[in-house]
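Quick heads-up: structures coming right below.
Each of the two complexes below includes chain A, the first together with chain B, the second together with chain C.
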Partner chain A sequence: MIAVIVPRIAQMLFVMFGISVVVFLIFFATPGADPSARIAGRNATPETLEAVRKDFGLDRPLPVQYALLMKRLFVTADLTSFANRGQRVIPQIMDAAPITLALVLGAAVLWVVGALVLGVVAAASRDTILDKGLMALALIGVSMPVFWFGEVMNLLSQSRLHDTILFSWVPSLGYKPLSDGFAPWFKTLIIPWFTLAVLYIGIYARVLRANLVETYHEDFIRTARAKGLGPLRIMLRHALRPSLIPFVTMFGLDFGALVGGAALLTEVVFGLNGIGRLTYVALQSLDLPVILATVMYASFFVVAANALVDIAYVGLDPRVRSGG
Partner chain B sequence: MNATSEARAPLLEVTGLAVSFATESALISAVTDVSFKVGDGEIVSIVGESGSGKTAALLGILRLTDRRNTKIEGSVTFRGRRLLDLPEREMRRIRGREIGFISQNPMTALTPVHTIGWQIEEQIRVHLNLAHAVARRRATELLDEVGLPNPAKALDLYPHQLSGGMRQRAVIAMALSCNPSLLVADEPTTALDVTVQAQVLELLRRLRLNFGLSIILVTHDLGVVDEMADRVLVMYAGRVVERAPADLIFEDPWHPYTWGLLASIPPLHGERPARLAAIPGTPPVPTDLPKGCHFAPRCRFRFAPCAETPPRQEDGEHAALCFIDPSGRPRLRAQVLNPSSGQAA
Partner chain C sequence: MSASASPEGLAAETPAAGGGLGVSVAGSPAGPWRQALRRLRRDGTSLEAGIVLLVVLVACLAAPLYASLVSQTDPFRSNLSGKIIIGGKRVAVMQPSTEGRGLGVTPIGPTWRGPYLLGSDAQGRDVAARLLYGGRNSLMIAGSATALCLILAAIIGVTTGFLGGGVDMVLSRILEVLWAFPVYLLAISLSIVLITKPIIIGSITLGSGSLLLPIVIIGLIYVPYVARPVRGQVLALRNSEFVLASVGLGMPTWRILMRDILPNVSTTLIVYIPLMMALNITTESALSFLSVGVQPPDASWGTIILDGQGLLYTRPAVSVAPGLAIVITVLALNLLGDGVRDALDPRARLQR
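Entry: the complex of A and B
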């Protein structure tokens, strides 16, 4: 186990380093563009430009610029924005990250559980009406855009049906930190969780069903039947685990991307000031230091999530264990 | 079992078994009118080329085909119980407990994510309600019995950590775990090296001797039949074209298809021919079976009557579906089996 995990983490750190270099080069060494002008934002005065040059050490060699940037990102955490004069970048991310994490983690629990149940039930009843119904439902989930579905949920829960017993518990839009108590935090997030999860429940249930149906053609399933095992046992102990690999792979990618800002639409619709929204606002004002920091943060999350997925493979499939 | 009338009944009696698969366009008949008996401690071999319906017949007996698109007809009586009429729940109690199954490819027959020990224990505990420790001890004994070196350690190995031969031994150990009275083996040695094949066959023979096991052995290898079987069924295109006690299949085969099979293996004794004969052509596809005798298009002795369904010729336990007259049989057979002397004569 350790023999797999340690090299994988080392590899992850190496990839993160590579990403930081590439991101740095894109921002600071794109030929034919003056980084100071872009960092300073629109209509910057010559004084601001000068301050930026000094601040980022742009008159010094590239490796020094890189080291300086990394130090300000990760050590002193005092990277400042010029578009929004004087605002510290890192605290903004630190404020936004827990909101996004809460949103995505909750939704992930919902979609993993939901997709497992749906996929297993559909595969167990494959080619029946139940299977076809569930898969049609899943397809509807996949097809509903999150901004539309979110707005519909808002319309119902905040306005049209807010006074009915169904939605009277729904608090107004926005995030309430966990430090204010569990119940309000939980209540503000239920509908965003559900909205974000619907799409993924649909995709994951369909993928899981397809993989389960394929696994059912394997010889070892016939062996399991010849052993006299019941259908439930065959499904849960013999078919499910070998079918979960693509599921876990997708989960790593999607989870990483969502935490890194891809939950933007959900965040905007429900007024949650998470990473996605932060990046979006920064892009509108071309606030380069913030964009740089969020890009770095997002890519790190994707890489870390994938490392975790690889480690999860080891638990799922013993063949990976000795092969690694 | 208590009834005296059943005392002499065979362990397994298959009568008129037919297995057909529904596809989108048609009902394909994979097995037609297969009948045979398996007595206590007997090894019955089913021989034929790929696609002759051997495996489908086995799966039909165990009802392991996909229930939604398969039709199994006829009757299968195992220890006085009619298997095809049992509810699925009852059938599950027979599978794995009273009838063990060994599949063709040991490389894919075991669930990759569980250890060998776990998989054997699972079967024991599902059927026999034993404590974990007892089941584990039994699994160790079984692995020892089938000749896995260091069985206590092998329990904790995953299938991919074992060689093909060792995996097949583990599969056999699992099939034996609940002391079945019948073992159904679908080409158990086909996927194995020749030396390992011999070991596995030796193991099966020993198990029959030690435990009084009856075995249905499906194979396409007449060498295996010669070594193992008491009685033989030769299948072609879903039908049993010849059945006989094993020695008669080699000494006095009746059906031209059996002759072809015999001519295509190197003789175990005596001089080897420079070239082995192959049966020309390929087996028919089940969707497009020839009219009359299914083997006729590939048979060098076909004549006009072969367009009709061939009659059953019978002599005691020996039977074949063929038009060739018994009196002319030896001369024709010699042309296939002893081509040099046949031409001389």
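Entry: the complex of A and C
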């Protein structure tokens, strides 16, 4: 077990280092312009440019600049914005992080449960109308841009169907902290969770169905059938388990994609002040220090989450466990 | 742009669509390609998806025609004081608001006839015409980005897989880092840096005014996703008997790469074409929606959705229409992608 975990953590640290270097190079060493002009934002005065240069040590060699930036991002956490003068960046991220986390974790639960149900039902009713209909729905879910689907959900739940029984419970856009009570918090997040999960339910239901159908051709399923086991037991105990292995591997990777992509768009559409919306607002005002920090923190979180899923996977899969 | 064609329309357009697919798939007249093409043609879903894509493509290419003949307005100039004639009456494009306290103006809604078919956006521009112009950019960006991505991925995958050693070590590590980097964050970082201050390479300016910017960024971010499977395949091919035989016969490396490796890798690459197109269209729209993709005055499906955001509750057509265009196109591409994969890899079909 330890023989598996230690190299995985080493790999995680290597990838984090790699990503930090890539981000640093993008922001500070892209050829063509003085990075201080980018960081200072629109219509910066010469004094501001000079302040930026001093602040980020831009007159010193690149490795020193890199070390300085890392220190200000993760050690002293005193990176400041220039577009919003003097605003500390890291505390903003820390305030926004729980909102993103609540959104992403809730969506992940919905996504896994939804995909399991859809995939199993479709595989069990293979080649019937139900199967075809579910898979068509899944494909439509995969094909929708998440931010557009969010807007359509807003249109229906906030405006067109808001007065009907279907959506009259929907509160206005925005986030309500858990400290205001569980019900308001839960209500504001239901539709964002659903929106975010739809895309991934589609992908995973399709994959799970394909895996299940493939597993059904295996000898041990025929054996189980010959033993006289019921179809439900064969499906849930014998076919589902091996079909879940690729499912778990994919989950680790896509969870990261969710945090760094779809969640960002969902937050913007639903006005949730998480890290995604923080990034979005910073994009509008060209506030590069904020973007730099959110990109770095979010990527690190994603890489750490991936490593965690992999390690959990080692714990779950007896073959890998005994092999290590 | 509609997904449901009449049966006559389907029958009439079948040969044209078959010819269109033939151009894209049959790279060489060898046996396996013919077989794959025949399988693809026999697959009803792929054929329908192909027809839908062709209709979308033709409609978008005809955007200037539509703008001059049907909508009769310039979709890139604001037209706040314009008037159009509906049913013999002159109607203002920007109408007094009926919502709230009746202050301000609301752009005209869908007229369902020539000018302003889908209504107007906040600047009095014809949404239907912009939709077609935007589609041109969306498709062009997605297509060019797909080409760029596949070419780079093929080069990187083949060199790392075939040469191995130090080159492989270094490039694989770099790919590993980029693979773990959330794509949207990578794209946002690249865009924002290039939008604030463009870089100039020779005569090419990579900056906010250029459509090259989203093409390059979207083309780059997905390279690891294709290069990794290609590298794996090349590694397996490297040790296959026919390649070892070529090496043993003393064939030059370039000849082995061109004659033995590339034809085998090309099926993998072709399977990726529709899927990458679909992914790239979604990515482009997302980046444009975040205002780091296509920049105004250029339009794309993503920027039109962004334009419609402020009008979502009063004039939903502005945002809903480009979204539907994306869903239809991406859905057709995904269906075609499934068909191409099944046609090129008969084993994949058996599993289903």
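By definition in this document, the second predicted complex is superposed on the first by the 302 of 324 C-alpha atoms of A that agree within 3 Å, B and C clash if a C-alpha of one lies under 4 Å from a C-alpha of the other, contacts with A are read in each partner's own complex, and residues count from 1 in each chain.
The criterion applied here is as follows: a residue touches a chain if its C-beta (ideal position, glycine included) is under 8 Å from a C-beta of that chain, and two chains touch if they have at least 3 such contacts.
All of these numbers come straight from a predicted model, not from anything done at the bench.
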*Check the residue A:222 against both partner chains and state whether it touches chain B (first), chain C (second), both, or neither.*
first
_Contacts for A:242 in the overlay, against chain B (first) and chain C (second): which applies, first, second, both or neither?_
first
_By residue count, which of the two partners contacts chain A more extensively, chain B or chain C?_
C
_Looking at A:230 after the superposition, I want to know if it touches chain B, chain C, both of them or none. Which is it: first, second, both, neither?_
first
*After superposition on the shared chain, which partner residues are touched by A:273: those of chain B (first), chain C (second), both, or neither?*
neither
*chain A positions touched by chain B in one structure and by chain C in the second*: none
*Contact footprint of chain A on chain C as seen in their complex*: 173-174, 176-178, 180-186, 188-190, 192-200, 278, 282, 285-286, 289-292, 302, 305, 309, 312-313, 316, 319-320, 322-323, 326-327, 330-331, 334-335, 351-352
_For a test of understanding, state which residues of chain A touch chain B in their complex under the given definition._
127, 218-220, 222-230, 233, 237-238, 241-242, 316-319, 322
*In their shared complex, at which residues does chain B touch chain A?*
62, 64, 68, 92-97, 100-101, 103-105, 108-115, 122-123, 126-127, 158, 160-161, 171, 174-175
*asked:* With touch defined as at the start, can you tell me which chain A residues reach chain C in the complex?
replied: 11, 14-15, 18-19, 22-23, 26-27, 30-34, 37-38, 139-140, 142-149, 151-152, 154-155, 158-160, 210, 213-214, 256-257, 259-261, 264-265, 268, 279-280, 283-284, 286, 288, 291-292, 295, 298-299, 302-303, 306
